[in-house]
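Chain lettering (A, B, C and D) follows the sequence in which the chains are written, and residue indices restart at 1 in each chain.
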Amino acid sequence: MQDLLRRLIRDNRELTERGNVARYIPQLSKADPATLGVAVCDLEGAFATAGDTSTRFTLQSVSKPFALALALMDNGPEEVFNHIGMEPTGDSFNSLTKLETFSSLKPVNPLVNAGAITTTALIKGNSQSDKFRRLMGFVRELAGEEYVGFDEDVYLSERETGDRNRSIAYFLRDIGALHESVEDTLDLYFRQCSIEVDCRSLAKMATALAALGEGLIPVEYRRIIRTFMFTCGMYDASGEFAIKAGIPAKSGVSGGIMAVIPGQYGIATLGPSLDAKGNSVAGIAVLADLSRELNLYVF
Amino acid sequence: MQDLLRRLIRDNRELTERGNVARYIPQLSKADPATLGVAVCDLEGAFATAGDTSTRFTLQSVSKPFALALALMDNGPEEVFNHIGMEPTGDSFNSLTKLETFSSLKPVNPLVNAGAITTTALIKGNSQSDKFRRLMGFVRELAGEEYVGFDEDVYLSERETGDRNRSIAYFLRDIGALHESVEDTLDLYFRQCSIEVDCRSLAKMATALAALGEGLIPVEYRRIIRTFMFTCGMYDASGEFAIKAGIPAKSGVSGGIMAVIPGQYGIATLGPSLDAKGNSVAGIAVLADLSRELNLYVF
Amino acid sequence: MQDLLRRLIRDNRELTERGNVARYIPQLSKADPATLGVAVCDLEGAFATAGDTSTRFTLQSVSKPFALALALMDNGPEEVFNHIGMEPTGDSFNSLTKLETFSSLKPVNPLVNAGAITTTALIKGNSQSDKFRRLMGFVRELAGEEYVGFDEDVYLSERETGDRNRSIAYFLRDIGALHESVEDTLDLYFRQCSIEVDCRSLAKMATALAALGEGLIPVEYRRIIRTFMFTCGMYDASGEFAIKAGIPAKSGVSGGIMAVIPGQYGIATLGPSLDAKGNSVAGIAVLADLSRELNLYVF
Amino acid sequence: MQDLLRRLIRDNRELTERGNVARYIPQLSKADPATLGVAVCDLEGAFATAGDTSTRFTLQSVSKPFALALALMDNGPEEVFNHIGMEPTGDSFNSLTKLETFSSLKPVNPLVNAGAITTTALIKGNSQSDKFRRLMGFVRELAGEEYVGFDEDVYLSERETGDRNRSIAYFLRDIGALHESVEDTLDLYFRQCSIEVDCRSLAKMATALAALGEGLIPVEYRRIIRTFMFTCGMYDASGEFAIKAGIPAKSGVSGGIMAVIPGQYGIATLGPSLDAKGNSVAGIAVLADLSRELNLYVF
């Protein structure tokens, strides 16, 4: 495995020259586009890694499956899906179009921004800081002894430039899908996006979603989360990724991708150069190659 | 004229039973749906009135043409139309769809909410309260000796329930169409909507847009405003009103409609029972009848 | 007037270098982009002309107001507007979006393609060729002694390449807005688009819409048609043209524009170089200048 | 298994009273809404069945995965996905919206009508009847000794009432996604929809997609088809079905659903009472129950 990963990094390194690092948050634009790393963690906790696995990055949208796990554990699926739909969309992650045209008056799914903001609002706690403490504790528990931190600069940068998310959140309030304070909810959402990991810790966290037996996240919720990752995890390229790589995954604009191979591995890649849809160019290639080499396809 | 107006009020009174008063702001839902009044003011300032002309109501969207006049006087048309488009839309007044799909990255026209919020942000002043003082002074000057007030309860109610407008304003900031603070801009916008008039004062104000010679509002800007009222003044029923009544008009969700007959009259109606598109059912009927009786059609 | 027109042609001639001739129908792409002509006809039938007024061109969308006139005369407004809406749209002329999202199940207005196809289907006749004979006779009567012909090549080219219009027409049938045969209706529609005129004949035809007293087209229908020309006559630049030129007009992709000055003139311009929205670049400029010089603004 | 199926049919029988049989094609409206059947076929060809398994029905959209298989075998995936996208949509199956707003100028995926029509056009043959012979032969080969027929009445009914599909096909031609004749392509498409099966034959056909080893359909294409069934197989309820039943499936408006359990079973249900999104109410319930009882979930 170690050799395979090294080869995949070497073969796909040149793809880091395609695409661009995210620019909509100033802090993210400072990332080195040439970075490329991958970590695979099996269900016993053994790692294989290659490339820049010590580079730290913020979770961004990769946080959404974990927030969903906590919201499911706090509220149960019935309550969660009273507020959030289950459909893939084909629209970009920050679109408001479906909100306006859908009669159901709820965000289409928990992995687009509108649904993720609603998910975050469902996390329980006595206060905003208590909610974040719970989420952070949950993530730390999943990561075990691996690195988990918090990037204060990214958080402040998100908060300052989050007008599209504010627009979405006020829209959610207007249609009755969000009952919490917009600024409080978004503060928690921006914090959740600013949780800092590296490829090793993210791969370790992914094993909690890959595991089949009992665990911190109940089996039924793992199944739900893997399904959403498969149908909506890669923004409006989710369908293409499902065909080409064929595994549940979730990407973020910092260039991280978390993939989950049920019963086998948690996987994390980092490659900050993004394609037009916001996914890591080289990260997608590494995962598609890995899936083909090891026949990891779900179907 | 007096007799004609009385007859039109009598004939259309039963239409007040159709439709519903606006409910999205609690304060507006207290209006009496049976109210119906009309005032016509000629360019010499002589009035003819009938029905409930002493009932006071807030301008709501009827304020938009006046805010546009002030923004044009403050900035000139070139600057204003750098920020705001000129196209009718066919979408509802609070839609974000065109914002998301239009490549021009500006609101479609100054009479939908998105464009009106941008217009309001273009009003000059040393502070928010200075800006509102200027707008209020402008409206008072147009109304002459007629009643102009401010409904504090409606303003607070608007501010409290204005989530859709907050969503629009943050969207405008995100696409770079709004550079001011959202809360400051909306505060001014909600204040502008909460200016209180009656049919007499609104008809008087309308004469400033109906006049042909020199006046407080420059001739060229009057022409621009009358054109927008004709193509986009009645929400997504503007086209139908242009065919059926054939005169420039602007409606508001408090049930007021202001119409402008170039070279002849300023007209105001009040009828809080609204149709599904947000226009006064009986007010539209009174104006269409009046237009037919006096052959006021622009075309 | 003659001198003014010559000056406007001279001043705007260089604008013919901007934009492009229509390419979606092969025949139209053969037009000379440098062509520019204007004709003004007063209500007594006296002409003033300048530039390339002998160049012949097909009516294309400029035929829509005349087909609407005939449909109104054949069916009355109530029947016509049972099938066609009255709203401007802001979408491009060949869009299907509003058809799909509007609950009313009818095309938004008679000047977008969907509405114009429905209009054409409402023209009465014992057969398709009888219907076209009636329309052609109507146009010839309006043009008086001026040239009216038919461009067989354009007609065949339209018919061969009319897939978008077929898509629209079958959509109209599906939603119940069109009851006639698609191919028959489109055949008539393509023929109507292929009627050939020059600036003189089109200006003469326009006087029938500009006239105020009795005439071939009833007064009420003239009013309706002028209103639609003002709110929806220039594709998705109708709002901008209404603000800048301020007169009712209808453009076509062959580069012709017909304008109507109620009580004064019928006007036609020809300039085959089109902007991105399908309107003649130089034609718009000539009309805007003429409107400013002679203060023709409706408002 | 036999007992389980009998219990599931008994338990879900009352759901056939909810929903309605499809009405948009007259022939389909004659189906008995009370019908409910299920057949499970294992990879050795052994059947378990319960309920109305002798009722015949037309494939309708259930034909799409098989047409896709043949198109892939005829052209290879690269050529097929030059013409058709891979994204789930969230819009209804006969929507044109994404076609108009997507810049890629191809239908979003092969299981919505627009994509399925394009798929059908990619099936090779010397003539239309040859193409259909090939498709019919392919389906017959998959069904083995089970019943496969053709419902001439449904075919004629489809052809007569297929205006929405004609609208879609002409749109595809206009954007350059379809190069074949519309009527020829739709004729083949309507024939494909009119292929007649029963629960046994459909379950048997499904095993060709469930199998893991070598077979008539290459392994790689089976994987692609199962993936599309999972992400887009149940119209705009695909996401919800993926969460709740968790298996790849494809439904049709005649009330049939085909499900595929990789390495285990082909499954077919029939229940003509459809929900608002076009899926069999009782069929969905039977599949969700079966999935839970046997833990068939993909994830």
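One rule holds for everything that comes next: a residue touches a chain if its C-beta (ideal position, glycine included) is under 8 Å from a C-beta of that chain, and two chains touch if they have at least 3 such contacts.
Please read these numbers as outputs of a predicted model, since none were measured by experiment.
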item	value
Most remote chain, CA-based centroid, reference being chain B	D
Euclidean distance of C-alpha centroids - chain B vs chain C, Å	32
Cα-centroid distance, chain B relative to chain D, in whole angstrom	53
Centre-to-centre distance between chain D and chain C (centres being mean Cα positions), rounded to whole Å	46
Shared-contact residues (touching 2 or more other chains) in chain B	101
Touch-based graph of the chains, sorted into line, ring, star, complete or other	ring
Interface residues, chain B side, partner chain C - complex	85-91, 98, 108-109, 222-224, 226-228, 230-232, 236-240, 242-243, 246, 248, 262, 297-299
Interface residues, chain C side, partner chain D - complex	95-97, 100-101, 163-164, 166-171, 173-174, 182
